[in-house]
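After the structure tokens below, expect a handful of questions from me.
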Amino acid sequence: MDELARAVEAALFATEEPMTAEALASFLGDAAPGDVREALKELSEFYGERGVRVVERGKRWHFETAPDLAHLLRREKEQVRRLSRAATEVLAIIAYLEPVSRAEIEAIRGVQTSGGTLDVLMEAGWVKIAGRREVPGRPTIYATTAEFLDHFGLTSRKDLPGIAELRATGLLDPVEDAYEDLVGETEAERAAVDSDEAVEES
Amino acid sequence: MDELARAVEAALFATEEPMTAEALASFLGDAAPGDVREALKELSEFYGERGVRVVERGKRWHFETAPDLAHLLRREKEQVRRLSRAATEVLAIIAYLEPVSRAEIEAIRGVQTSGGTLDVLMEAGWVKIAGRREVPGRPTIYATTAEFLDHFGLTSRKDLPGIAELRATGLLDPVEDAYEDLVGETEAERAAVDSDEAVEES
Amino acid sequence: MTSDGLLFSEPAAEDDWDGIAAETRVDENALYLELDGWEGPLDLLLDLARRQKVDLRSISILALVDQYLGYIERAEALKLELAADYLVMAAWLAYLKSAMLLPKEEQEDPSPEELALKLQLRLQRLGAMRDAAARLMGGNRIGRDVFLRGAPEGLEIARKTLWHSDQFALIEAYGRVKARTAPAIHMVRERPVMTLESALDRVSHMLGVTLDWMELRSFLPPHAEPRLRKSALASSFVAALELARLGKAELQQEETFGPLHLRRATAHG
């Protein structure tokens, strides 16, 4: 095991926050970020199926216990933040569609989102304000954070469950766009999609 | 790697306190303490020369980073800062007139000296406490150090230019020059000469 | 909204829903309404649509409208107070239903087909996000499924300040202190003057010598430097006025700014 890999292993073990390869390189003095990345990959493979593993979450790396051991460790250690149903929905909408404005979130949920819901998500460090949308009213838009990826065990937003499929089926597009797409199709296709065909005929 | 070893590894990683083999065994359900001890030994050997190790201290086991990497994980970063104007003045007064008390420094500067200023000078290693003045209140008196001479490139305090030389190099205020021109040698100048002599004598 | 009168089956009303039980359990026999449990009419519609047990893309909107309206009617029959947005949705759905039942040529724009399709698309999106939330919450969450190091040593960079200064700064600072705090003595420059007393003496003495008119300037010291001469002139003028006031001298001036003459007062009574 080379010295850099040892140092990266030790630093990653000792750190209280996940660290990027760059942060590790800079912390370890004059290490090249590329070498650190190499070492991180090696470590990640090395730990593989052990009781602890090295994982990347939103470009930041950390050690964590293997998920299949959760049942053994959970007992006394569970300390997860419980979220309301509204908060989980809002979080999912922000994660899958980011950046989104509150109005866009509300359009999907069909109800007003209380300010408290967004506050809870921001306080948890999972959601941040990502600027303003340059449309009339300049609404604030929201996005998820690196801590969000970290907490939910995602390497990147591409890891969001089912996001590729949702995107492919157009479910991440606004209703208006989806509608335009649909009516642009031929009558035959439309009939197939139109669920109320039978009703209309009755 | 067997399941028990994985579980022991994960538990030891996640625990906040070092754990005995017995505590681990009971934490992990119905594991036999003997098996846990066996697993701990294996782990300890496995980590061996890595960046982290599994060690036993007074029958309790825990993970720690390799001691030879301590210098990497707890580093000092040196930051060069220029001494403030106020601190330089205080240092100069101490250097020219040492040993002096804080009250004397204040009397000479005409302004209060914050404790922080003296702290900075002591932190820099240029000023030290040189005892107490045997007058009522027994004030602490300050003097310069060898590091002071070293940093300022002085062989001894005698190298510090006297008032007359300062005036010759234009380092004294023109107001004072005009005043000296008019009245010739005064009480003030005699005092200054006295202090020059004091420096030269020491 | 109240939760005591109640028609339908449970939507999970937990505050701490962690999304694992995403599928609403359908229990047709224990239907009761707890509107607090739904996040608005769209949420209720989604729940109803899912009861059709088909893909959201093939639900029957008309059936869904009937279910929703039936639901609202039952709530009203129980004298439940319904939130305005549920009633607005009911009214809109009732309109949609009647429009959908019209012959195609009598339908207005936007067509009920379009409205129904858009409602369906909205339900699909809400449903997709709800499922996504459940899957997200079901992931390997830190503190529930995976655990971080319990007692990390922490990485530390102790910042140490290295103070820097130099000889010049030191000496200059001392010069500054000395200059700033040197005792301030204010001196008035010594100037040659003739005081009023000496002018009085001088003028009265000279008046005693002659009886003739004499010009004021001839009383001044002959070789005085200009500054002294100026002072002597002023003092002698004041002395002349004073002597005149005391009746010891007489003053005479032919013209404004002309030469001022004086002589000893003649003792005439």
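We call the chains A, B and C, going by the order they appear; numbering starts again at 1 in every chain.
The rule is simple: a residue touches a chain if its C-beta (ideal position, glycine included) is under 8 Å from a C-beta of that chain, and two chains touch if they have at least 3 such contacts.
On a predicted model such as this, the values are computed, not experimentally measured, just so you know.
Asker: Among the chains, which is located farthest from chain B on the basis of C-alpha centroids?
Answerer: Relative to chain B, the chain with the farthest C-alpha centre is A.
Asker: Have a look and report which chain pair racks up the highest count of C-beta pairs in contact.
Answerer: Result of the pairwise contact count: A-C comes out on top.
Asker: Going by CA means, which chain is nearest the middle of everything shown?
Answerer: Smallest offset from the overall C-alpha mean is found for C.
Asker: Can you check how far apart chain A and chain C are, centre to centre, with Cα atoms defining each centre and the answer in Å?
Answerer: Here the centre of chain C sits 35 Å away from the centre of chain A.
Asker: Please compute the C-alpha centroid of chain A, do the same for chain B, then give the distance between them in whole Å.
Answerer: 44
Asker: Residues of chain B that touch two or more other chains: which are they?
Answerer: Correct list: 10, 13-14, 63, 65, 73, 75.
Asker: Send over the residues of chain C in touch with two or more other chains.
Answerer: 147-149, 153, 155, 157
Asker: If we count contacts the way the header does, which residues on chain A are in touch with chain C in the complex?
Answerer: Touch list, chain A to chain C: 11, 13-16, 27, 62-67, 70, 73-74, 77-86, 88-89, 91-93, 95-96, 108-111, 150-154, 160-163, 166, 171-172, 175, 178-179, 182-183, 193-196, 198-200.
Asker: Residue numbers of chain A touching chain B in their complex, please.
Answerer: Chain A reaches chain B through residues 1, 5-11, 13-14, 27-29, 49-52, 63, 65-66, 69, 72-73, 76-77.
Asker: Inside the complex, what are the residues of chain C that reach chain B?
Answerer: 147-151, 153, 155-167, 169-183, 185, 187
Asker: In their complex, what parts of chain C are in touch with chain A?
Answerer: Interface residues on the chain C side: 12, 14-19, 39-43, 57-63, 85, 100, 104, 113-114, 116-118, 120-122, 124-126, 128-149, 152-155, 157.
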